[in-house]
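Okay, got some structures for you below.
Both of the next two complexes hold chain A, though its partner changes from chain B to chain C.
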Partner chain A sequence: MTLVWEVFRQERKGQPFAHAGSVTAPDLSFAELYAREQYGRRQESEALWIVPREGVHAVADFPDEFDLKYRRVDGYSIKARLKEARERAGTAVES
Partner chain B sequence: MDTRTQEFVEYVQAGGQVESGDWMPDDYRSKLVKFIEMHGNSELMGVLPERDWILRAPTLQRKLALTAKIQDEVGHAQLIYRVVEDLGKPRSACLDDLVSGKAKFHNVFHYPTKTWGDVGVIAWLVDAAAIVSQKALLKCSYAPYARIMKKICWEESFHILHGRDVILAMVTGTQEQFELVQEALDRWWEPLMHFHGNPIPADEDPMYVWRIKSQGNEDARQQFLEGYVPQIRELGLEIPDPKLRRDDETSVWSYTEPDWDRLKAVVTGHGPASQERLAFRRLSREQVDWVSRIVLAEAA
Partner chain C sequence: MNEQAPRSRAELLLELADDDLILGWRNSEWTGIAPFLEEDVAFSSIAQNEIGHARALYELAARDLGTDADALAFDRRPEEYRTAPLVELRRLEWARTIARHFLYETADAIRIDALKSSDDPEVAGLAAKIDREEAYHRMHAELWVGRLLGSEDGRKRLHEAVEELWPYALGVLDDELRPELRRRVEAALGWTLPEAEPVPRGHHEAELAELWEEMTSVRRSAPAGARW
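So, the complex of A and B:
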């Protein structure tokens, strides 16, 4: 049986691991060998993660039925209020 | 065309990208498989002309560099076949179709490599022509292919430099070495002009309509000529086409129309080295079959 292994690589220390691609191999030792050759033979990776494809649970839908924009910065428009507050306080800068 | 397909076409034409698990029209999937599989085949077959020169490389340094380039190309074939596999065609089926002559590979790999000059011309100019096409694939509507192309382009840029270095060593050497390069260029010019395909208008090219490719064939050839003709000429080499010239107002290159029938014959297995290369691939597949059988049996 040949399995698909997803390979993630870290380019520099401290950076997040990003998906690099996949290799097919009958077991982990071959998967490591192929991943090393494919994604590390030019010193282009600091580290690799090798994960059997079945171990990846993909999620791709993020419904927002209740318009939850108060969780995000774009949910707040403070420009007009800030202007009003500055005018009341007498700290508005003349432009 | 049904509404869903129409929407899909509009989506990819607006620059939208598709992942392997997304819905896609059957025609899009089969065009992707055909295109990407041919690319994989070309990477795999492309190492054979260079392989012939590993034992004959002039120095140890050149031997090591050539071997590294060959390893890269085989690695590209593996990456690309993985993309095809996730679209539904197993690698073993791709290899079956390749050795039986059913699937195609790129025209430039159907020619023999007669001298060390050929090795330089291939690594420099064939790879340069390939990188023009491959850079355009960074924008491919099929995202897994576009992503893998990033790594491939990165490695190809080292190949071009290696090829240019081989050529520079020879054009600055003896008269005989210079003539070796000129003679190789004379033979490789037509295959290079064939490389990007016949000048079919982009809008009639299904690969462009689906945005598998992001540019038309002639655009790619013009880009190659614009980038590399000056680099060839500055070395004192002569391009064997008296009609080749650039219109400085339009920046368009005109050239002798290549023989498109010959291109068709070459890619359908009638090139000077087509059958010999396929026979070698068939043989090596038979010879290493026991390795994969043992590896798979051990792992089971």
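So, the complex of A and C:
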């Protein structure tokens, strides 16, 4: 039986792991071997995480029935308001 | 059979280099047609590693012989190669490929181990370097052997393949290292191997000439002194 394993890769120490791709393999040992070959043999990875696909809980539905865009920060310019606030407080920075 | 005759450092290095080059070439015949994609990538990578080891060994031998690695790899006649017949065989069938891979890696580990304690620091150093990469080849071979042993059909196929290749596997090593090969292979497989007359170095399988034609065709097509 062949299983799918998701592989996450850390490029440099301290960096977050990012999804690199997946490998199919019958068990964890083969998955490790194939992940090493595909994502590690050119010294391109500091470390790998190998996770059975069943271990990944996918979430992809984010309903927005009431148009919640007012909760987003984009489109809202803070620059002018910040300037006004600073002037009121007498802490405006000289530019 | 004079395979036990004392040989120079260059002759010894050529045995290892030729084995690695020809096996690397044979294993690369699976590129594009291995049983599945991940295995294709892995087995091709192993094949490339073997050829990389061959290059390092040829470079060291070339210094002793006053030539270069390319000349040693490609400019000799097929009958001048010092390969063990095991690596020359063309067996494009997966169980045989895995059996040969496993037998070769096991034999290679034994001779590399012996070379790691060589008095010659260059040989010992190169052997240690090769061994670090070979660890992954052995892991690959052992995983596959375990997989094949896990099913009745796989076990049967592996058994047939090992029986066929066993005399060839013995031929990879010098006399004194053969009992260790038997011990390791029997321990891994869990059955007793037959008594067999080793197929030694010094004669070549017909398939080698065929492989040589293809392997050297590009180099032979170019005028001498061509630069790549």
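What we mean here is this: the second predicted complex is superposed on the first by the 63 of 95 C-alpha atoms of A that agree within 3 Å, B and C clash if a C-alpha of one lies under 4 Å from a C-alpha of the other, contacts with A are read in each partner's own complex, and residues count from 1 in each chain.
The rule is simple: a contact is a pair of C-beta atoms (placed from the backbone, for glycine too) under 8 Å apart; a residue touches a chain by one contact, two chains touch by 3 or more.
Being a predicted model, the structure only gives us computed values, none of them experimental.
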item: Chain C versus chain B on the shared chain A, clash or fit after superposition; value: clash
item: Of chain B and chain C, the chain that contacts the larger number of chain A residues; value: B
item: Touched partner set for A:56, first chain B, second chain C, both or neither; value: neither
item: Partner chain(s) touched by A:21 [first = chain B, second = chain C, both, neither]; value: first
item: First, second, both or neither for A:47, with chain B first and chain C second; value: neither
item: Chain B versus chain C as contact partner of A:38, first or second or both or neither; value: both
item: Partner chain(s) touched by A:85 [first = chain B, second = chain C, both, neither]; value: neither
item: Which superposed partner A:30 touches (first chain B, second chain C, both, neither); value: both
item: Colliding stretch - chain C into chain B, listed as 56-64, 146-154 or 200-208; value: 146-154
item: Chain B/chain C common contact set on chain A; value: 2, 23-24, 26, 30, 34, 37-38, 41
item: Chain B partner contacts - residues on chain A that touch it in the complex; value: 1-2, 4, 20-24, 26-27, 30, 34, 37-38, 41, 58, 60
item: Complex interface listing, chain A residues touching chain C; value: 2, 23-26, 29-30, 33-34, 36-38, 41
item: Of all residues in chain C, those that touch chain A in their complex; value: 36-39, 41-42, 45, 136, 139-140, 143, 147
item: Chain A-touching residues of chain B, taken from the complex the two chains share; value: 21, 71, 75, 78-79, 82, 85-86, 91, 147-148, 151, 295-296, 298-300
